Each structure stands twice: as structure tokens, then as C-alpha cells.
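Okay, so here's the structure we're looking at.
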């Protein structure tokens, strides 16, 4: 195995995160660009931490999202940066956001369960959009009559909202409190057993 | 026109160059993200120069190309960064292996001669792949009507199979007897561990 | 639940949050009057009966846990009537909720028997639970919408690749055994026309033939000595000589000697061409 000095290693990790087409994990770094070097986990973690610090005062930041590390622009700059695009960012309806929130907090969940909580039917269009965006996927079938499909959120969903895990969801605490207070309701307990997502 | 402090301005310019889909010129910066600020040309030039200096020791560089500024990966890192786009070529077909074997054992040999032994035409693709891999090269032309090309194996071919000369190629008969005699032959195992490429 | 009570209602007017516990303290529902134009817009924005109920409760600053069912039911029915009058697409869910409200109201009107245990429960309990749960989802959706996200708040840098980056193509690995087996396979199939066996000597001669062909050129004469490597010893010289003879025989090269004992030169190609 070749050796590489720390300065070069840092440059390589930095450039790799920048040019990779998706967020890249430490393991993926080790399997690809760092493949031929002997890099201890501790060294790699130190480098990533250093890079995160280096970029703190800059216009872009190194963040960890669900599927790995990526650089992204500083949130505060969005009012001006959005001028680089002619089109406005897509807006999502309340129905879509409520459905997505329910899937995120109560996964795995069936369409029937979503409708029960929201008190209205969930349009097929919403499920289609969520699936097409790669935010939601079918993860199985509930073993009840009709074997309805069970939905869960994906890493792509977390990446899109710049979250590294489901527990980082903004209202995660409120949902947990509700679950704790309603021990009697078995459907709520599912939240705690949410799969960590593939 | 609003005012903006230099630190924020620098962050904004930096982020804009980063997130723009194409190289962005100073004028484009002024027309888009900097639209609502009063930014003197001198100030903008100074910021761009500063950014270029800031990134000099890093894994990516701020460079000026024909249509504007963009960040790009450090040239020296290319050999490793390339691994992010690694693609595995499909395994070689039997036709390919037989062609290679015939060239190895019967060199120098023409394509016609290979076809004669194999009983089928040898596709140009096969010859191209073997030549591109550096295993086979054109060494002359046979002085018969049509002056067909003569092929031979190269030093790269010998190196790949850890042979010091073609005379080290196992004779086909001896090899067969050997494999028949010992199914779990350790020497076979050695043969299977061909070097994983230079 | 304290957490619940402190959650600000999104459609609330910007007034100080003051809970009025019990119907006696409630102002008359004057704000129920909405200009007809606005009403259509407002009704259209409800995400269903729970959303509408929640709106009514929050608007009146009722405490969700002490749900004044009579007032809420009355107001709810007024909205449903308005929806019907405006011929808005009235989902069955709204009518179902109206039935639920009416049922709860009638059960509350029945005189409470003293021997009834508390476990029997408040008929409003289930509705209150559903309202709280829905409110949680509604707030979660709003929080999710406020969460910085790609395309709108966060942008991913586009860093160009230096020109020297080319995708690494990993060639398949081949073992020597595969080559040998391929050769013997091809030879077996060709056995009908081919009979000779491969010998080590022949092989090295063939290799030397390739080697010589790669050295000599068409345009220049190569001295014969250059084709021999003395370090290989006698056998090496013999192999080179045999290779030369074979190449001459196949007319791949030709040798030329200016006079007796003069240097012999080798050139690629045939005599006919000169």
C-alpha cells in the first residue's frame, strides 16, 4: 500500500467530495479515491472534521447528510443565489407535505393509516410524486386483509432536506411525546420501530 | 441600492461561482446574485483574486476559463479522482480468449490463419480490444496476396501473465494432463491469480 | 398535555394567546362572518374536516381538551352549509364528521347517571385525540416545509473535473489457465485439419520471428548482428538463426550481402518490391 502525506490526503478527500455526483460516505471514499492508500479511520475522521471547520466561514459548507458528506451553499445566501435560476423552486401542497410528514414520522405506514389520521383520502398523484422524487418507497405489505402496501421514506428524502437521520426531523420531539403519552394506541408505537432505511 | 459588507460579498461570490451550472463571468455575477448591491468592479476583482489565492493550497482551484470563473479539481489529483468513475469492462468472450491464445501460441499469425483454425470470422472488435489492452500488436505483413497483417503478443502480455518469455507458456497438452491428474492442483490456483493489472 | 397547549395554531390571528376555558367566557362568534368571496377561498384551503374543526377551535381560542362540542358543531354545520351552497366539491368526509359531531352532542345531552364509572369516558375523547394527532401532523408538515431544502434554500456546488480526469476502465482479469484452455479448445475443434503438436522449440522460434519483425524496418537495412543477443548463448543464436531462415522462407524479410565476407543486412519486405 502506498503512503500519502496528510496535506495531499486532505486535498484528495476535499476534491472527491466536491466532484462526486452524490453525497459520499467515508466508506465510499476509502473504497474509491483512497483505495490504494493506507488511511486509518481516525485520520479520515480528523480530515473531514478539519474540512468542516475550514469551510465554516465560507459561502459553502461541508455537511453530513443521510447518504454521506457533501458541500452545499450557505442557507442564508439562498435569497440571492436563487437568482441564478430562472425557474422558482417547486412548491409542495399541504396535502403532499402532510402525507410526507406522516410517512416520515410513522413509517412504515399504509395509505389507509395516512387517510385515517388526516381524515381525507390521499390522492394517487401525491403517492406517485413522492415515489418519483425518490423520497418514499414501498417497503413491504402489512399482514392484514388486503395486504396493503407499507411506505417509508428514503435516504434521498433525508438528503433533500439536508438531514442526516430521521431523528433530526424538526418535529421529532413532538411526535415522540405524543407517542409516549398515548401508550394505549398501538399504531403509534410503530414510530419507534421505524427502519433505519436502506 | 443596498450595501453589503465585504465578508458577506465574498461568501456570496464564492457560493455563486460554486453553484452556478456553468462558468460565470463577473458581469453575470453583477447581473444576477449581486443585482441589488452596489459593487465596484475593483471590489469584485479583488474578491475573485482573494478567492483564487484562498483555494491555491486546496484540492480544488478557482480558474478562469473562456466564459467565466469556475472551480475545478486539482490536476495532480486526477489519477485518484478518476476512480470515482470506475467502470468494469465485461468479461472476455470465448472468441476473444481463443483469438488471444492462437496469437500467443502461433505468432506471428494473420487474422485469416486464426479464422482458419477457429472456423469462424474474427471480429474487428476482438482485434481492437486486444490491441488496446496492449497485449497484441501488429508486427508486419505476410508476403502473400493481400499482404495480411501479422499479429504477435507483446511484452505487456508476458508481464501480465508473469512470463519471462513465450517459451514459458505451458504446452497445451502437458497442461491438460496436469489438470486432469490433480483436480485440486495448487499450481492451477496460482494460474488463476493473474495479476490484477498494472 | 402542556406541549400541546403551547403549540401555536398556525391560522391564529396575531393576538396574545389567551385561553378562555369554558363557554361562559367566550365572546359571541362574530368572526364567523366572512365575505362570500373570501369564504370560497378559505373553504377550499381546508385539508379536510379535521383541518376545518381545528381552524374553528383555534379561531375561538378554545382549549382543544375542553372541546365545547355544541358551539363547534354549530359552526361546523354553518361551514358545511356554506360549502354546499357554493357547490364546492364536498367530500363525504365532511358529512361523516358532521354525523360524528351530532352523535357526540346527543350523548353529552343525555343525563349522566351517578353510578356510571369514569372509565366509560367522555364521548369527546376520541375526537380530541384525533384532533391532536392531526394538529401534530399539520405542524410537522409546516416544520418540514420550513426545513432548509435543496432547490429552494440549499444549492449543490458544481465543481468541474480537471481535463486530465478520465474514467478508469477496469479490464477483465484473465488467467493463464484460460488462455491455455482456450488454445487447446480451439485446437481440438480444428483437429480435423490441423495435426501438428506444439513444441517448446517451435514456440521460441515463433517468438523470435515476432521479435525480429518488430526490429527490422522496410526503409532501412538492419545489420544481421543486431538480431542476435550474445548473452543468450549458443542456443539463443540458433533460435534467432532459425527464426531468420523461417522469415526468409516466408518472404517476410530478405537478407542482402554486398560481397563475400561483407556484412549481411536485413530488411522487411520482399525482393519483388525493389
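Structure notes:
Just so it is clear, A, B and C label the chains in written order, and each chain counts residues from 1 on its own.
Here is the rule we go by: contacts are C-beta pairs under 8 Å (C-beta built on N, C-alpha and C of every residue); 3 or more make two chains touch, one makes a residue touch a chain.
A quick map from chain label to UniProt name: A, B = SMC-Scp complex subunit ScpB.
A quick note: this is a predicted structure, and the numbers were derived from the prediction, not measured.
Comparing the CA-atom centres of all chains against that of chain B, the greatest distance is found for A.
Overall, the chain located most centrally, as judged by its C-alpha mean against the mean of all protein C-alpha atoms, is C. Each chain gets one centre point, the mean of its Cα atoms, and the points for chain B and chain C are 26 Å apart.
Centre-to-centre separation of chain A and chain C, using mean CA positions: 11 Å. If you average the Cα atoms of chain A and of chain B, the two centres end up 33 Å apart. Of all residues in chain C, those that touch two or more other chains are 155-157, 159, 161.
Counting partner chains per residue, chain A shows two or more touched chains at residues 15, 18-19, 60, 71, 73, 81, 84. On chain A, the positions that touch chain B within their shared complex are 7, 10-16, 18-20, 32-36, 57-60, 71, 73-74, 77, 80-81, 83-84. On chain C, the positions that touch chain A within their shared complex are 1, 3, 7, 45, 47-51, 91, 93, 97, 129-130, 132-134, 136-157, 159, 161. Per the touch definition, chain B reaches chain C in the complex via residues 15, 18-21, 60, 70-75, 77-78, 81-83, 85-92, 94, 97-98, 100-102, 104-108, 116-119, 133, 137, 139-143, 150, 152-153, 160-161, 163, 165-167, 169-173, 175-176, 179, 188, 191-197. Put simply, chain C touches chain B in their complex at residues 155-187, 189-190, 193-194, 197-200, 203-204, 206-207, 209-210, 213-214, 250-252, 268-270.
The residues of chain A lying in touch with chain C in their complex are 15, 18-19, 60, 70-73, 75, 78, 81-82, 84, 89-90, 92, 94-95, 97-98, 100-102, 104-105, 117-121, 159-163, 169-171, 174-175, 177-178, 181-182, 185.
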